[in-house]
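Just below sit the structures, each encoded as structure tokens.
In the two assemblies presented below, chain A is common to both, partnered first by chain B and then by chain C.
Up next, the complex of A and B:
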């Protein structure tokens, strides 16, 4: 086929696509937006769900008073959950494990991966604090037996112990284990497990809804040109590009 | 002077619009407490008029069909459709048959057909139809040649047919298990259809009046989860949720919550950092934060008199026109509060002074009538106008006052921007996009509904 025909065909295709795409003006779209009814109490519940899941217990309490929205979980349990999270974040892993078991011993019993990650974090903290002997002993006695059960645990253990091989850990390939982000990762894993054990979702709904908005806009893009919101943080409606 | 006159007039018009918006909101609330979409009509029974008469007998409850003659050729099939097409504004439509008797040959079929389907042919044999056949287990999809699909079915089996509007597929089940699915390439209304084609074949149809053998709820949950997993892959900027929650608290004047939120997000590890550019926009909604908080508290506590006093002191322009929607809502609320505490005589007196002037005015009339109707009931909370005594009514009034105060900010260019928080704008956009997409899809699929999202909880898999 000659290039000419190829171009002609492509043009025809583009034309067909453009023709099939509906154009919705700002005025029309705003009318549609106005027909949408969002209930205030639903938005309040959404905000409360965010505060509670993220663990802002004092904020949730204030919001309950100011808006009359009931939290979907007992606020007292948030305090306990946050204490565990904070303990991991500040490196007191032993303390965290004790607290989790006080809360509900089943959480660690039924979740070997989480328990391993907590023990691994404990090992990391020992190495961070330069307690080489203690770290070795702990790795051999507590972690190695678990590695035998599970190949990926073993690999993780080896990676962690590798920290001991380096004088200057700031420059070693597994140095990221000592990073604050590792603590945060472990902390959020415990947090999620506690929420799940309380039959609560581990993530707040709001971020999912924002993702859903992006998805819905992308889906509609295939069929129509309409005013989009591209910047979620300012929620500004932008004119359709035709 | 003429200029200032013009200005005040313009503002007045804007203000009126704002108050009226909330007035409408409270009427909507009354009508649709649940905020859910109205249900489409679904099939309930077999259509006895448009069926292949002569070959079949339909039971009196219109839910069973039996082939009573002897079949001779391919054009004497006993076909029967449901009385209504499958509703489309949902994720899944589904129905089931129970094969009571497979008859002489077991040539039973289940599927979907268009309105103009030839009622003497098996579903699937003709264009615009699709059927799963019991004698050979094949799937027929628009012509007489079937494709390998699933097991055969016979007496005692329960077989189901469904449309998955999200995936645009037909699917079939046997005894509670999914057999398979096939692309749905038919447009327009689709009727649930069953066919019998040999002597004594008899099936019973279940349009959902009885529990299905197939776990439809679980199937729906899985389908939603599939979609959700795709959506979860999308990334959003970090902390954008924090910013949206913060602006929500600011917008509605939840000042104590906001302060606590700021303290908490600073002490979070790592601290939450909300981009600077968002903060600049905030000035607009930081406006009069403390006044807005105070007024919200007063209204939430039912202290309308003090709320009026404070408004007269701080924002006389909002309450200067006693016939504005805002004043009207406040007067109604005062009346409601009097009813709440049982001060009925005082309520009557107050109503005569402040509410009678709104009778006969189209936008105000509904609410006035509902307020007055409170007097008629011994247990007003249990009555049809009980919604007025709920906290949410106080909230609407507080939100109205809040928006009115925001609109007095000289930096606000368009007063309609004071109506919605960012969160609300995003949720509206989300809803509108889903509705529009469905509209362009021939009204197929379910709409986005915030209440459903809020009440669903993902299973505790971690």
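Up next, the complex of A and C:
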């Protein structure tokens, strides 16, 4: 996190100097930025953290060989985690559940909400495939007991079963459950739970650094006009509008 | 509820198959069925699948062992019947043995399962005093393997209960090992915090060891973790800090940290899961008995926060219980808190909870009610003595759970104090009958609290009320309560008699019913005089009786100075010579009432008192160190002197 704090300190110094709204030219700004020292290893670790958390295992492996940066997690577990994620994303929920249980049986045993969402996704897939009878049986046997244990599960279950009541599910009020986005939502929930069980942050650091950059710029906007980064992907400094 | 189905194929046969492949698949199938699924766990347990799964732990194929251990761990996770089944199947020692297996996957699986078992109360107690056990625990805690350190912490959390165990763990260096885990992974930090809390809870010696650990750096780490981004970590760190705060005088006494703890815990209440539920209990232990912290909580608007949480429906029973206990603590001392509680209409919610299906919630609601009803202002306004409050409370007197009954008695004790016009509500709904019934209970805490409630009920009660209670209770039961085996009940029973015989002459008559059986019992307790509090209550009984008519006064004389006593040193003189000023005060009061000059027999009583050396004793007391004693002694002596000093 050293990069961020160095920038912040610079910004704070500038802020202190600005009694009224101060104008900082591009030269001044670039000179100040040049004085900030960032360690290469920190950059590499941020990149590695991003690759690992997002699950780009092959890239991470290559990056490790080329940069010598050690990942903060066993790369083999990423493959397993990605396999689970992929299984959910492609609708093979039962397969995903078995894989999670092989990875660590505690995850679904101690996380009723996640377990329910996976079972709910299984039900959604059955409905999507038109297996009405199987879906009803599954809902009654597997999901109803969970609904009895928890009121909010019951409500979600009712919403899901409602899918069966509509002829044209794409146009019904609960149709979004059949969207791919629902699968992605469930997949990312499983992904996060696996990461947490491995004592790993569930979000990469890079996006939060960028969020902090935007926040800091917004703070500074009130005090000074300076070359601002508006497009994060290009990180181009844009001249201040005075 | 749909009946949970177990696959119709003979799973037990497959679990016991000699074909490894079949067995492996069967165990994995069971595992995948039961994980996360309580109903399936129960039905497989009923089917008898656990012993079959456990048998595979003795297999030599590591993959099979891993599946078996994982399935057993899941059976034990969150289901007590599962823990019992796993233990009964003899899997426990086998799992311990597997911790030293060469295959790391086997070690992980065994450690996970054992950790699940140790989360249950049913797990066998770990005997720290055995040297090899302690060494094994230390080896777990310093392991590189996260599952093993987690297991070590789990053992401490499960089995460290007594002061001896806490000290043993401190001496063996467990604190140091745990402190180093504070900088480990997320799960290690949480496990370490929870075990630290278990070791230092209510143990000042362990607390000071912990505070001094690494010259205070361990405590600093915990303080930092109280602001961690993970709610569970914050909660556990708070629990450690509360233990430190509650058992040390110098550390953590500054208001800043106290305020911080109050705010952190109030914020944690917003967590909708287990952390939020437990935060209420932690909050309660933070402020219990501490007026300054209750004030801080009040200023932090805690009552309003609890009020809002209670109004969110439905509230989990565990959370309800915690919130009521926390409210009970906030309202236990400060009137401003009680006012705020009442003006926010929280009372209605508490009264509703008196009929909650969960016994712990009912108990907590009673405790809360008891605390709020300490408000004299609201008691005298009859705020609690109405049917809405009293009827469910009286019903709780016959609750199936003893702790509910005791808590209800506690609330009733407060509500019935004083303020005559309202007592009829209580009598009308059969409260007296219930209370009297409970004074005959086999459970001593029920007897104690029932007598206590009656004592408060009789306090300043009118003739009607006293008569009603006396007829129900009877003199003979009162006498047997005075002779109860429990000293605390003897004391309350004497206090009850004291209130009965307080007031007009007809009140005093109660002591003489059934041939004076009550008065005899009082006399015997006073002669035994085993406990100061018993002596005090007994003497006030006599003092109240001695304020009655001639017959009453003579009866007291008879009791204090029986004919057959040789008169050298009476037990009454011992009371006047007591080191306890409360006893001396009560004893002098008796003399004051016996020597009241307007009563015709006063002179002859003074002659008797003089002959037993009592007047001499009183003269010595006019310069007593206790102001109360001094004033009463002077009053008594003044009365005695009106008949001449010889």
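Remarks
Keep this in mind: the second predicted complex is superposed on the first by the 223 of 242 C-alpha atoms of A that agree within 3 Å, B and C clash if a C-alpha of one lies under 4 Å from a C-alpha of the other, contacts with A are read in each partner's own complex, and residues count from 1 in each chain.
One rule holds for everything that comes next: a contact is a pair of C-beta atoms (placed from the backbone, for glycine too) under 8 Å apart; a residue touches a chain by one contact, two chains touch by 3 or more.
Given the structure is predicted, the values throughout are model-derived calculations rather than measurements.
Shared-chain residue A:101: touches chain C; no touch with chain B. If you count the residues of chain A touched by chain B and by chain C, you find the higher number for B.
By the document's definition of touching, neither partner reaches A:9: not chain B, not chain C. Touch criterion met: A:36 reaches chain B, while chain C stays clear of it.
Once chain A of one complex is fitted onto chain A of the other, the partner contacts of A:65 are limited to chain B, with no touch recorded for chain C.
When the shared chain is aligned, chain B comes close enough to touch A:226, but chain C does not. Looking at the shared chain after the overlay, A:26 reaches neither chain B nor chain C.
Of the two partner chains placed by superposition, only chain C is touched by A:142; chain B is not. With both structures placed on the common chain, the touch criterion links A:193 to chain B but leaves chain C unconnected.
Within chain A, the residues touching chain B in one complex and chain C in the other are 111, 196-197, 199.
Within the complex, the chain A residues that touch chain B are 22, 24, 29, 32-33, 35-43, 45-47, 49-51, 56, 58-59, 62-63, 65-68, 86, 89, 111, 180, 184, 192-193, 196-197, 199-202, 204-217, 219-220, 223-224, 226, 229, 232-235, 237. Residue ranges of chain C in contact with chain A, taken from their complex: 1-2, 4-5, 28, 31-32, 35-39, 70-71, 73-74, 77-78, 112, 116, 146, 185-188, 314. Those residues of chain A that touch chain C in the shared complex are 97-98, 101, 104-106, 108-112, 115, 140-142, 144-145, 148-149, 151, 196-197, 199.
Residues of chain B that touch chain A in their complex: 25, 28-29, 32, 35, 228, 230-232, 234-237, 240-241, 243-245, 248-249, 252, 254-257, 260-261, 263-265, 269-270, 275, 277-278, 281, 293, 296-297, 300, 391-392, 395-396, 399, 421-437, 440-441, 448, 450-451, 453-454, 457-458, 460-462.
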